[in-house]
Each structure stands twice: as structure tokens, then as C-alpha cells.
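Note that the chains take the letters A, B and C in the order they are written out, and that residue 1 is the start of every chain.
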Amino acid sequence: MIGLFSYLVFFLIIASVFAIVCLGLNLQWGYTGLFNIGVAGFFAVGAYSYAILAGPHHAARLGSFGVPFLPALALSMVAAGLAALLVGFPTLRLRDDYLAIATIGIASSIQLVATNERWLTGGTQGARNIVQPLAGAFSSPLRYNLFFLAMMVAFVAVVYLALERMVNSPWGRVLMAIREDETAASSLGKNAFAYRLQSFVIGSMIIGLGGALYASFITFISPEDFLPVLTFQVWAMLIVGGSGNNRGAIIGAVLIWGLWTGSGSLAQMVLPADLQVKGGAIQIVLIGLVLMVVLIFRPRGLFGSRKALIGHGATVPE
Amino acid sequence: MLAQLLANGIILGATLALGAIGLTLTYNVLNFANFAHGSLLSWGAYLAFAFALAFAGSTATGFGPLSFGWPLLFALILSATLTSVLAIVVDFLVFRPLRRSNVQVALVIASFGASLMLRNLIIVIWGPEPKYYTSDIQIQQAILPGVRATPDQMFVVVLALVLVVVLHLFLTRTRLGKAMRAIADNPVLAEVSGVNVRNVIYWTWVVGGSLAAAGGVFYGLTVQILPEMGFNLLLPLFAAAILGGIGSIYGAVLGGFVIGIASDLSVAVISPGYKPAVAFIIMILVLLLRPSGILGEKK
Amino acid sequence: MIGATLQVSNLVAGYTPGVPIVRGLSLTVAAGEIVTVLGPNGAGKSTLVKAIAGLVSVFEGSVFLDGADFAGHKAHTLVSAGVAFVPQNENVFRRMSVQENLEIGGYLYRGRIKERLEAIYDLFPDLARLRHHPAGKLSGGQRQMVAVGRALMIAPRLLILDEPSAGLSPKLVGMVFQRVRAVRDTGVTILMVEQNAKAALLISDRGYVLAEGQERICDAADALLHNPEVGELYLGAKGGLV
């Protein structure tokens, strides 16, 4: 029973990480209409920044600077935000599908840097022994995880409340107006580009926060943690949960992560060892099917708003 | 040394050119960025691999210095056919329902999701290890001062160029080819001229899918066959199509070779680990400076 | 070649379901007539002809071509029924040559198009000279000839033109309308949408004035030219267009 319970705690911790990332993407996509398919990249920036700032000293790579937990989180967010600023500046003026391609390229480039620059990230060997906050303070791993879970829930709540405030503020309303009809919004004198850049940066900072928290919990990260599959999972969560709705983002994260781990455990139990890799592949196919079905039959997901989806799409003669 | 890099780039360019043609066609005609296009290259390569294995029992010998004989060529033709069917099936099951609902994000995410699914289906069927069409080792021969290439590599480049010429003739001399160009140019006007756009779209997938299959086989022949090969080539393919100008088939060919050459030449100055990033940087520069590409029309 | 009769009956059409732009419109064009549709911007003129041509959704009503209802049919089936449509903008294949433009116009002929090509070149001799030029590189007037020529390739029974004179100089406008009349003289029925009311009415038999998706005035072209209301609507001139 303890095993199941501790598994559940672990599950919820990771689900909370995803919930935070999903909230960040929701700001970018759900409220601003930005096609960020480079989520994994900003997640990686947050994670590696935390590893460099807070992790233990390593001969072979940069860091650590021994920065305490909360400041390290904040600085990781800043790093992700800077990356978003750098990247968003040239690309946010592009039309939607070009932005999507560009963000894929960005995530890919960040992954390349993570793989190649051993002095920065530990290369393919990854960054190990990252410091967990309050590591020694609890008598058992389970108690520690419970503490971490409580902390994660607090973080999710804070991010959720902050985002709700933001999107219901005048700033948020302008953002949604731009999403609906950029020309109309521009004619009102609102600099659409500035708003989109702000949303992109803030959203990426939140994604980076998720990455940093992930690194601080899991204590070992490598480029393999930041593959396009991650981006795909987060998008699936947001689409299923409901774009344009922060509650939907959180619920979608828990649901899809549940589906993912559930199918993973099932595969582990059912498949023999030599088919495990294939089991992982089946998981992706499965989540993909869920996503397709949702997209075709209920594109706004469970809680999403129709408005978040009405796109700048042109019709094709059929 | 530079000449060798240039030659390597041309070999890669052969694959990129063929893949980019299909990408630019569907991008222009169907007005969406098909992230699943890379999967057509992967599936083309794997299907050809499966067919080649099936024919392996035959006693056909290789064509002279080439590592393969009729079995692979037949396998390629069969693979091209099946890959076209796959493209049409994916379009029918996934993209067409989403086009009807006119939700633009759905197409982008769905094609991204489809690409991951198709790639993982490959893993489920064939496993994650690299595969090769032949276990023979080919010797590189000097064909020009400072340039060495294997017979397979030379064949790939030659055949790619032949396919491009065939495509050109198809597009300029046949009724269907002209209809495809018309739809790429102005779909509404084509419709109003009596062209059955839906049928021609199927043929667009056939052309794009077949060329992608060929590109995949060429890559598998000159490098290796991996489940993620299509996905890894996706960025260079988009870069090639955008550089050449979306909608321009000749632009895609040009773009493919330029990106291939640039990627391989870059090894002279930066670490080979960053080769994929070169295509990406070129693409960003094009999008910022001249979004219509080299041969595209300014819209 | 006998032109078709067109009868539009209570047509409701638009781009988005629930948002009709044409709201219950009726009009007729007899065989071999030239009828012009006028009206202010937003009246639904363009939407009307696009709906007839099969490019815009028909929500209610009928479009009878020689008695057969084609409302809501796809554009390419209307082409095989003998309906040719020349859009206002983007009405040539810019990257294809003049000859290729015409060939696409004759797509349904499946290769027996040499005669039609010669007929179009007779009608527009300039195009014969320019036959290998990309259509996008031609002047406005020449492009318009290509656009109309493409539509005529199927020897249509009904020719629909959406603002054929748009963006052309007065001299070219005259030439375009002269050619339109020449086409009608071969027996083709013609339905035209126009902003250049005076020039269009001068070659038309009848005209309709649209407002807010419905026909407001229907009369002989001559009468419309002298109609003060029409004159005011278009030129702020009292006492008619002439």
C-alpha cells in the first residue's frame, strides 16, 4: 500500500510540473494564439540553469554557484525569459506556421547545445546530483516527497492565481483582442508585437520554472529529457484539457500524464524486456490517437473556449 | 577538403531536394505546414527496406559497382506507391476532417502529432536500431581531385537529378501536371476552370509521397535507416522549401541542394554536432530578410 | 452556340452559415442578354455571382440554368454545365504562360483544344503575340484579356464577369466592354457585376441595382441610365447618369 501511495505522490509531483508548463503554454497559445512548438527548449533552459546555479560543483562543467533554492528558481526563470526574448524578437513577427517551424528549430538548437557543450551542461552525460531543496530535513524519501508535493501544489496555485489575475486585467484583455483580430487591435494603437512578445516571454518563464522545479526534484537531467516528445505531451495536455482555460491546463496535465504513466506501467507489466522500447513507442502512438480524436471531435477540449481556437486559417477548396 | 565537403553536401542535397518538393507542393496547395512530411521519407525508406528483404531471396546480383540490384529498385517503386497511399490515408483520416472545421492550430498540432505517431509506429514494427540496405562496404573512389565518393552516392545524385527532370516534364507537358501547377498558383481559379481540385490533390500527395520515399531511400542508402531520420530532416526540409520559395518546385530543388551544401560546408568551421542548426539559421535569415524565398512570388 | 437562360430565385447565400450576405434575391437573364448588376459596396454583388458560380455557399433558393437547378453545386460541375466565371482579382495563373492559362481554361476538353485556342487568339490578337509570357508579368489590360480568354475556352453558354473594368484606364475599359459585346454577339449570355455603372449599362440590355443583399431596382439599361436615383447613388449627379 505504501508503494502505491508513494507512487501516487511521485506521479502528482511530475503532474504538477507539467501543470505549470501547461499553464505557461496556455498563456502563449490559449490567450495569445502563439504556436510555440519549442516548449521542450525553454523547459531545458530552466532545468539546466537551475542545475548550473544550484547544483553541486563539478570538475567537468560549469557550476555550481551554490545559489539557494528560491533565488535559483527565479534566476532560472529569468534565463528562460531571456532565451524567449532573444528568440521571440526575430520570430514573433512571422506568420503562425512559420513561428511554429521556428520554435521547433529553437528547441532543436537548444537540445544540440545541451548535447554538445559539455562544459555547460555535461553533454550527453547530463547534469547529476542536483541539489534538492531541504534535502536532509526529512526522515524518509516518502516524507520528503510529500513535502515536495505540497510545495509543488503551492507553486501551481501561485502560478494559476497569478495568470488568472493577468488574463483578467486590462493587459490580458488587449492580449485576447490581438488574438482575435490583430488588425483591429493595432488600429486602436496597441502595439501588437509588444504584447505578443511579453506574453511569449512570460509564458516561457513559467515553462522555465517548471524545468527548474523538475531539475530540483529529479536531481539528474540529460538532453534525453528534453526531446520533442515532451513538447508533444504538453500540447496534448493543453488541447485535451482545454486551450484558453487555466483550469483546463491543469486538469489536462494530470489526465494526460495519468494516461501516459498508466499505459507505461501497463506496458511494463505486460511486455517482455526486449519489447520495452517498443512499449514506449506504443505509448506515444496511444497519446497521439487521443489527441487526434480530441482535435477532430472536440477541438476545444474539456474546458476550453471556442475563441482560443478560431484561427487565422484560410479555407481550402474542397 | 572543401571540395569533398561540397560533394558531401550535394549528396545530402539530393535527398533534401526530393523531400522538399513534396513539402512545398502540399504547403502551397493545401496551405498548411505538414510536419508529418518527414515521416513519408522515413516510411519510404523502411518500406523499401522491407520489400528489399522480401526480394533478398532472389538470385539477382548487384548492378556492377552499385551495392544493389533490381530488388532494391523494385522495392523503391513499391515503396513509393505505398508511401503515396500512406500520405493519402493520413490526409483523409487526419487532415481533411480538420480542414473542414477550419481550426488552424489543429492542422499544425495534428501534423506534429502524426509525425511522432508515424515515427513510433516504425519503432513498434522494426525496432529502434539502425538498418542498412546492404551489409557490403563500399569503397570511396576518387572521382575528382580531392573528392571521393562511393558508387551508391554518385547514383543517388544522378537519379535525383533524373527524377527532377522527369518531374519537370510531367509538370510542363501533361494535363495533370499543369492542373497541379494551376492549383498551386491559384486554387480558386483552377476550380472555376473545371479542375476537380479534390482529385488533383490526391495526385499531389502521390507525387510528394513518391518523391519523399525516393529521398528516404537515398538517405538510407548513403547514410543509414533510422526511425527518426525523417524528423531529423524536417527542419532542413522546411528550410529548403522556404529558401526556395514556398510553391516553387524548382525553388525546392535549389533550396535542397543549397541547404545540403551549406550544412556540410559548415563542418569546416563549426562542430559537426551543430550541422542541423545551420539549416535552421539559414531558414530564420530567409524568413526575416526575404520571406518569399529565392524563386517564390512576393505576396 | 446558344446562350443559357439564368433564373435566380430567392437566393440566400454567404460565406459563413448564419451570416447571409445575399438575402433572398431573384433575377433573370434571358438567352443572349447582357445584364449588369450594380450597387454600392457591401450590397452583395460579388457574393451573388460567386454563389452562382459555386464558390460561395448557398443557404436557400435556386439557381436555374435552362431550367435545371444548380444551386450549391461545386464550381467545377458548373463549368461542365457551361458556366464560365471571371473573378475580379487574382483572375489569372500568374506563374503560368498565357497559353497555359488558356489551356487550363480548356481543361475539360481533354486535349482537343487547339481550335479553341485559335478562336481565342482570333478574339484577342495581342494574346497570340504574348502566348509564352508569364501571365503575372503582363499589364493590367493584357491580364484582363487573359482572364476573359481563359473563361471563353470552354465556349460557355453563360459568362459571368466580376468587375471586368476594375483598375483599367478609360481607354482599356472601352476596349474590354467592346469585347464583351462581341462575345455576346456570338450568342453567349452575359451577367456582369460592375462599379463603372455608365460604361456597363451602355452595352447592357438590362440592369439590376442591389442593396443589402436584395434587388432594389430592375429595369432596361437605357431606363437605368436616365434614372435619377441611380445617378445619385453612383455619381451624386442629379438627373441620371447621362
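Keep in mind that, in the parts below, a residue touches a chain if its C-beta (ideal position, glycine included) is under 8 Å from a C-beta of that chain, and two chains touch if they have at least 3 such contacts.
These numbers come from a predicted model, not from an experiment.
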**Request:** Using the contact definition stated above, find the chains touching both chain B and chain C.
**Result:** none
**Message:** Measuring between Cα centroids, what's the chain most distant from chain B?
**Reply:** C
**Request:** For chain B and chain C, let me know how many angstrom lie between their CA-based centres, rounded off.
**Result:** 42
**Message:** I'd like the Å distance between the centres of chain A and chain C, where a centre is the mean of that chain's Cα atoms.
**Reply:** 54
**Request:** For chain A and chain B, let me know how many angstrom lie between their CA-based centres, rounded off.
**Result:** 31
**Item:** Residue list for chain C, restricted to those that touch at least two other chains
**Value:** 75
**Request:** Scan chain B for residues touching two or more other chains and write them down.
**Result:** 188, 190-191, 197
**Prompt:** Out of chain A, which residues touch more than one other chain, so two or more?
**Reply:** 317
**Asked** Which chain B residues qualify as touching chain C in the complex?
**Response** 175, 178-179, 181-182, 185-186, 188-197, 297
**Message:** Quick check on the complex: what are the chain C residues that touch chain B?
**Reply:** 53-55, 74-76, 79-80, 84-85, 87, 90-96, 100, 103-105, 107-108, 110-111, 136, 150-151, 154
**Prompt:** Along chain B, where are the residues that touch chain A in the complex?
**Reply:** 29-33, 35, 94, 96-110, 112-114, 116-117, 120-121, 123-124, 127-128, 187-188, 190-191, 197-198, 231, 234-235, 238, 242, 271, 273-274, 276-277, 280, 283-284, 287-288, 291
**Message:** If we count contacts the way the header does, which residues on chain A are in touch with chain B in the complex?
**Reply:** 29, 35, 37, 90-91, 94, 96-98, 100-102, 104-106, 108-109, 112, 115-116, 228-229, 232, 235-236, 239, 243, 277-278, 280-282, 284-285, 288-289, 291-292, 295-296, 299, 309-318
